[in-house]
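Take a look at the structures below.
After this come two complexes, each holding chain A, first together with chain B and then together with chain C.
Coming up: the complex of A and B.
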C-alpha cells in the first residue's frame, strides 16, 4: 500500500515537472486577474503581463524538446508532436497579443481589457492540453476549456450587436456538437471498456467489436472534432463568428484553435483507430481514409465556392480558412506519417500567412473603419508596404510559388499522391485554382481599379509595420528555404504510444 | 424482470434522441439549451451504466462527474451570452438573430 502510494506520488511529481509550461499559463492567468483588479491603468498592464507570461511559457516549452513521455497516468502525453503543435499555438498567441495592442476596437472600447488577456491565456491553456490529451474525458475537458474561453472572447466587444450574435451562434453550435461528441465517447467507452486512447487501440485489436456501433461512435466523436476545425458540414458557425468577433480573436481562432483540433484528430486516429507504425494500419472494417476524404472534399469545395461571393474581408477569410481545413484534412485522410508531417508543415506556414492577412484586415479596418473589399480599392498606392504584404499573404494562401504557401501545398499534395489518392489530389488542385479567383480579386482591387480616384495616403506607425514585416519575411523565406521546417516536422512524428 | 445494462442504454438513447430533436426543432434558445442538457445527461447515464454493468473500473463514474461540471460551466456562459442577446434584440429566438447575412 505504502509502496503504491509512493509510486503514485513519484509519478505525479515527475508529471508536474513536465507540466511547467501549462502551470506558467495558469500563473499568468491569475497574475493578470489580480493586476487588473488592483491597477488603475486601464489597458496596457494586463497585456504586458500576458505577453511576458507567454514568453516565459515559450522558454519552458523549449526545454521539452525531444521529450517523449506520458504523464498523469496516461491523461496527457508530452511528445515531439505535441511540442510542435504547442510551439505553433504559442507563437500565434504571442502574435495575437501583439496585434491586440494596436487594435482600435479593443483599445478604444468602453471596457477593461484584463479579462480579454486572461481569456486568451485560458484559451492557450486549453489548446496546450488538447494537443497532448490522450484520454477521452481529458479531450472533452480540454475542448471545453478552450471553447468556454473562446465563446466569451468572440463576444468580448459586447456593446456590438454583431459580436453578441457571433458568440451566441458559437456557444449554441459548440455546445451541441461537444454534447454529441461526448455521447460518442460513452459509446467508445462501452465498446472498449477504457477511456485511454492507447488502451482503446489495444482493446480494438485484441477483441474486435461490431462495425456498426464503432462507426456510429466514431462519427459522433468526429462531429466534435470537425466542429473545432470547422469542417463541412459542421462549419455553419464559422463565417458568422469570424465576422462578428473582434479581429484579433478571429485570427487566434482561425489558427491556434484549428491547430489544436488537428492535433487531437491526428492523435485520436493514430492511437485509437490504427495500430501505429510508419504506415498506420486501420483497425477493423471501417475505411477511415474514405470517411475523412469525403469530409476533406466537402470542406474545401464548399469553403472555396462560397468564398467566391463574399465581399467582407473577414467573411472571405473565414471561408478561406474552411477551405484550408479541407486541404489539411486531405493530408489527414492518408493516415500515415508523411501525411502527418505535411499537416505540421502546412500548419506552421498557414499560421504565418493567415495571421498576416488578418492583421492587415485589422489595420485597414482601424484606419478606414471598413472591412469591405470595395474599400481596398487603391490600397496598394495609399500604403505601398501594406499593399505588397497583403498581396504576399494572399498569394501564399493561394499556394503559388515562391511563397511559403506553395511549399505547404506541395507537401500536402505529395503526401496524398504518394498514398495513391490521385483523385483526391486532383480535386485539391482544382480547388486551389478556384481559390485564386477570390484572393486575386482583393489584389486587383488594391492595384488595378480606379487608380485615378485613389484616396489619400494611409500612414502606419513603425511598430505596426515591423510586425507586418515580421510575418511577411518568413512567409517569403520559407517559400525558398524550407529545409529546417521540413526536418523539424518529420522529427516531430514520434507519438508516444503504450504506457 | 431484472433491470440490466440494456434498459439503461435504451433510456439514454431515448433521452439523446429527444435532446437532439429539441435542439433541432426549437427556436427559443433556452429550449435549445434544455435539449442540450438532455444530450449530456444521456451521456452521463451511459457512462454510469457502463461503469456499473460492464464490469469496468471507476472511470465511467468519474467521467460522469466531469461531464456534469462542464455542463454547468457551459450553461452559465451560454445563459450570460443569451442575456446579452436579449439586451440587443429583446428576444432570444435563434432564427431571428441574424444581423450578418451571406
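Coming up: the complex of A and C.
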C-alpha cells in the first residue's frame, strides 16, 4: 500500500516536471487576470504579459526536445510528435498576439482586451493538452477547453452582429458534434473496456470486436475531430465564424486549432486503431484508408469549389483553409509514418503562409476598412511591399515553386503516391489547379487592374512591415532549402506507445 | 573549367532584376524618365552579357562529346548537393543542383540568349510600370535558361514553374484588351500540365531513388516492384502520357493549343516574341530530355499516335492560319500564332520518326522557328505600334511607304514558308526526310502544309504591302514627329530585326555550325531509344 502510494506520488512528481510549459500557460492566464483587474493600462499590459508568458512557455517547451514518455498515468503523452505540434501552435499564438498589437478592430474597439488575451492563453492551453492527449476522456476535456475559449473569442467584438451570429453558430455546431463524439467514445469504452488509447489498441488486437459497432463508434469520434479541423461535411460553421470573428482570432483558429485537431487524429488512429508499428497495420476489417480518403476528397473539393465564388477575403481564406485541411487529410489517409511526416512539414509551412495572408488582410482592412476583394484593386502599386508579400503567400498557398507551399505539397503527394493511392494524388493535384484560380483573382486585382494606380499610397509602420517580412522570408527560403525542416519532422515521428 | 559559367548565364538575370528593383523611380517627371531609361539599359546590358556568355559556350563546346545518357560527356557541368534530408520510409530525399550541357540543349541555350537579348528592344516601347516589366522579364529569362540547363528533375521543375508567374504578369499587366482572360488561361493550362508532371516526378523518384535525369534513363535503376518498374506496364504508359501531355500543352499541339492564340493576341510584342521564340520550345525539349528517354518502351507504344498528333497539328494549324484571312477579326498576330502551331507540329512529327534526320531536323526546326517567329512577331509589332491595328484587311500598299520594312518582312515570310536558301527550308527538309522513312503517308499529308503555308503567308504579304494604300495611312504615321521620325522602320527596330534576318539567311546557306552541335547527341539519343523500337 505504502509502496504503491510512493510509486504514484513519484510518477506524479515526474509528470509535473514535464508539465511545466502547460503550467506556465496557466500562470500566465492568472497573472493576466490580476493585472487586468489591478492595472490602469489595461489593454497593453495584458498583451505584454501574455506575450512574455508565451515566450517563457516556449523556452520551457524547448527543454522537452527528444523527451518521450507518458505522464499522469497515461493521460498525457510527451513525445517528439507532440513537441513539434506544440511548437507550431505556440509560434502561431505568439505571432497572433503580435498581430493583435496592431489590430485596429481590437485596439480601438470599445472593450477591454484583458479577457481577449486571457482567452488566447486558455485556447493555447487546450491545444497543448490535445496535442498530447492519449486518453478518450482527456481528449474530450481538451477539446472542450479549446472550444469554450474559441466560442467566446469568435464573438469577442460583441457589438458586431456578424460576430454574435458566428459565435452562436459555433456553439451550436460544437455542442452537437462533441455530443456525438462523446457517444462514440462511450461505445469504444464499452467495446474495449478502457479509455487509454494504447490500451484500446491492445484490446482490439487481443480480443477482436465486431466490425459494425467498431465502425459506428469510430465514425462518431471522427465527427468530433472533423469538426475541429473543419472537414466537409462538418465545416458549415467555418466560413461564418472565420468571417465574423476578429481577424486575429480567425488566424489562430485556422492554424493552431487545426494543428491540434490533426495531432489528435493522427495519435488516435495510430494508437487505437493500428498495431502501432512502423507500418501502422490497421486492426480489424475496416478500411480506414478509404474512409479518410473520401473525407479528404470531399473536404478539398468542396473547399476549393466554394472558394471560387467568394468575394470577401476572410471568407475566401476560410474556404481555402478547408481545402488545405483536405490536402492534409490526404496525407493522414495513408496512415503511415510518411504521411505523418508530410502532415508535420505541411503544417509548419501552412502556419507561415496562412498567418501571413491573414495578417495582410488585417492590415489592409485596418487601412481601407474593407475585406472585399474589389478593394484590393491597385493595391500592388499603392503599397508595393504588401502587394509582393501577399502575392508570395497566395502563390505559396497554391503550392507553386519556389515557395514553401510547394514543398508542403511535394511531401503530401510523395506520401500519397508512395502508398499507391495514385487516384487520390490526381484528385489532389487537380484541386490545386482549381485553387490557383481564386488565389490569383486577388493577385489580378492587385496588379492587373488599375495599373500604376494613382490611388493614395498606403503606408505601413516599420514594425508591421518587419512582421510581414518575418513571415514572408521563411516562406520563400523554405521553398528553396527545406532540409532542416524535413530533418526536424523526421526526428519528430515517434509516438510513445504502450505496445 | 573553374568559372561556373552555367550558373552565371542562368542567374545573371536575377542579379539584373535585383539591381533594377533598387533603382529609385524618380521624383519629378524628368527623374522618372531617367529612371526608366536606366532600367531599360540595365536589362539590355544584362541580357547582352548573357548572350556573350552563350557565345563563349558555343565556341568552347566540344562537338565530339555526346551527353544524353552518359553523365561523363556532359559539358560545363556544375553539380552540388542541394538538399539531403533523411525521412523514414521515404528514404533519403537527395536533390542536386546539377547543370550541364549537351547537343540537345546547346542550341536552345543559344536561342534563349539571342531572343532574350533582342526582345529587349521592342520592350523599350513599354511605358507603364517599366520597373515591374523588366523585373518580370528577367525573371522569365532566368526560368527559361534554367529549364534548358537543369539535369536534375526537381531543379528542372522549379525552373519550369518559375516562369509561370512572370508570364502571367507580363501578359496580364502589359497586354491587350482581353489580357486577364488570356493570362489566366495560359496559367491554368500550363499548371494542369505541370501538376501531372509533378506526380510523375514523384513516382519516378520512388522507382529510381534519384532525381537525376540522366540516371533515370538507365532502365536498370528502376526497382522491380516500384510503380514504374518493369517495362511496358500500364502505369508506365499512363506516366508517359502524363508527361507527354504536360509538355504538349506547352508546345502546344492540337488539341491543347487553344491557349496560344489568346496569349499571343493579348501579349505585348516582346512577350509574343519570347513566347513563340523560346517558351514553346521548352515543351519539345522536355519530351526530348525527359519523357522519351525515361520511358522508351512507352514511347515505342505511342509512337504512331504521336506522329498522328504531329500531323494533325501541322495541318490543323495551317488551316486555322489560312482561315484568319476569312473569318474572325482577321488578326495578323493570330495568323502567326496558328502558323506556330503548324510549325511546332513539324517538330513533333520529326521527333516521332525517331530517325537521325528527323530528330536533327526537329531540333533545328525548334531553333529556326524560334528565330523566324520572333522576327514575324517583331514585324507585326512594328506596324501595330504605328497604326494601332493588326487587321490584315486594314492595310495595303505599304511597300511604297515602308520599303526597308517590306524587305525585312519578305525575308521573314519566305523563311516561314520554307523557301530554299532560308534556314527554315533545311530543317523542314530534314524533318520530312526522317518522317518519310517512318511514316510515309502521314508525311505526305503533312507536306500539304507547305502549300497552305505559302498560301496564308503570301496572301498576307499581298494584302499588306501591295495594292492601294488606304486613305487614312496616306500621311506620316506620326504627324508630330515625336515618336517616329521616319515612316519606315527605325533604328531600334532594325537593331532587333537585322541580326535575326542575317541568321536566317546564313543558316539557310550554311547550317553546319548549328547542325554539328547536335549530331553526336542525336545519334546517341537514337542509340538509347533503339532497343525498344521496332
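Methods note: the second predicted complex is superposed on the first by the 494 of 499 C-alpha atoms of A that agree within 3 Å, B and C clash if a C-alpha of one lies under 4 Å from a C-alpha of the other, contacts with A are read in each partner's own complex, and residues count from 1 in each chain.
Simple rule for what comes next: a contact is a pair of C-beta atoms (placed from the backbone, for glycine too) under 8 Å apart; a residue touches a chain by one contact, two chains touch by 3 or more.
Source: prediction; values computed, not measured.
A.B. asks: Per the contact definition in the header, classify A:110: touching chain B only (first), chain C only (second), both, or neither.
C.D. replies: neither
A.B. asks: May I ask you to decide whether A:180 touches chain B, chain C, both, or neither, giving the answer as first, second, both or neither?
C.D. replies: first
A.B. asks: Just checking: does A:420 make contact with chain B only, chain C only, both, or neither of them? Give me first, second, both or neither.
C.D. replies: second
A.B. asks: Which partner does A:336 contact after superposing on A: first (chain B), second (chain C), both, neither?
C.D. replies: second
A.B. asks: If you stack the two complexes on chain A, which partner ends up touching A:162: first (chain B), second (chain C), both, or neither?
C.D. replies: The answer is first: A:162 touches chain B but not chain C.
A.B. asks: Check the residue A:189 against both partner chains and state whether it touches chain B (first), chain C (second), both, or neither.
C.D. replies: first
A.B. asks: Overlap of the chain B and chain C footprints on chain A, residue-wise?
C.D. replies: None.
A.B. asks: In the complex, go through chain C and note every residue touching chain A.
C.D. replies: Those in contact with chain A are residues 82-90, 93, 128-129, 157-158, 161-162, 164-165, 168-169, 172-173, 179-180, 183-184, 187-188, 191-192, 195-196, 198-199, 202-203, 205-206, 227, 235.
A.B. asks: Give every residue of chain B touching chain A within the complex, in rising order.
C.D. replies: Checking each residue of chain B against chain A gives 9, 12, 16, 19-20, 23, 29, 32-33, 36, 39-40, 42-43, 46-47, 50, 54-56, 59-60, 62-63, 66-67, 70, 73-74, 77-78, 81-82, 84-85, 87-89, 94, 97-100, 102.
A.B. asks: So in the complex, which bits of chain A are touching chain C?
C.D. replies: Going through chain A, the ones touching chain C are 278, 336-338, 341, 381, 391, 395, 400-402, 406, 410, 413-415, 417-418, 420, 422, 425-426, 429-430, 432-433, 436-437, 440, 444, 447-448, 451-452, 481-483, 486-487, 489-490, 493.
A.B. asks: Which of the residues in chain A come into contact with chain B in the complex?
C.D. replies: Checking each residue of chain A against chain B gives 136-137, 140-141, 144, 147-148, 151-152, 155, 158, 161-162, 164-169, 171-172, 175-176, 178-180, 182-183, 185-187, 189-190, 193-195, 239-240, 243-244, 306, 309, 315.
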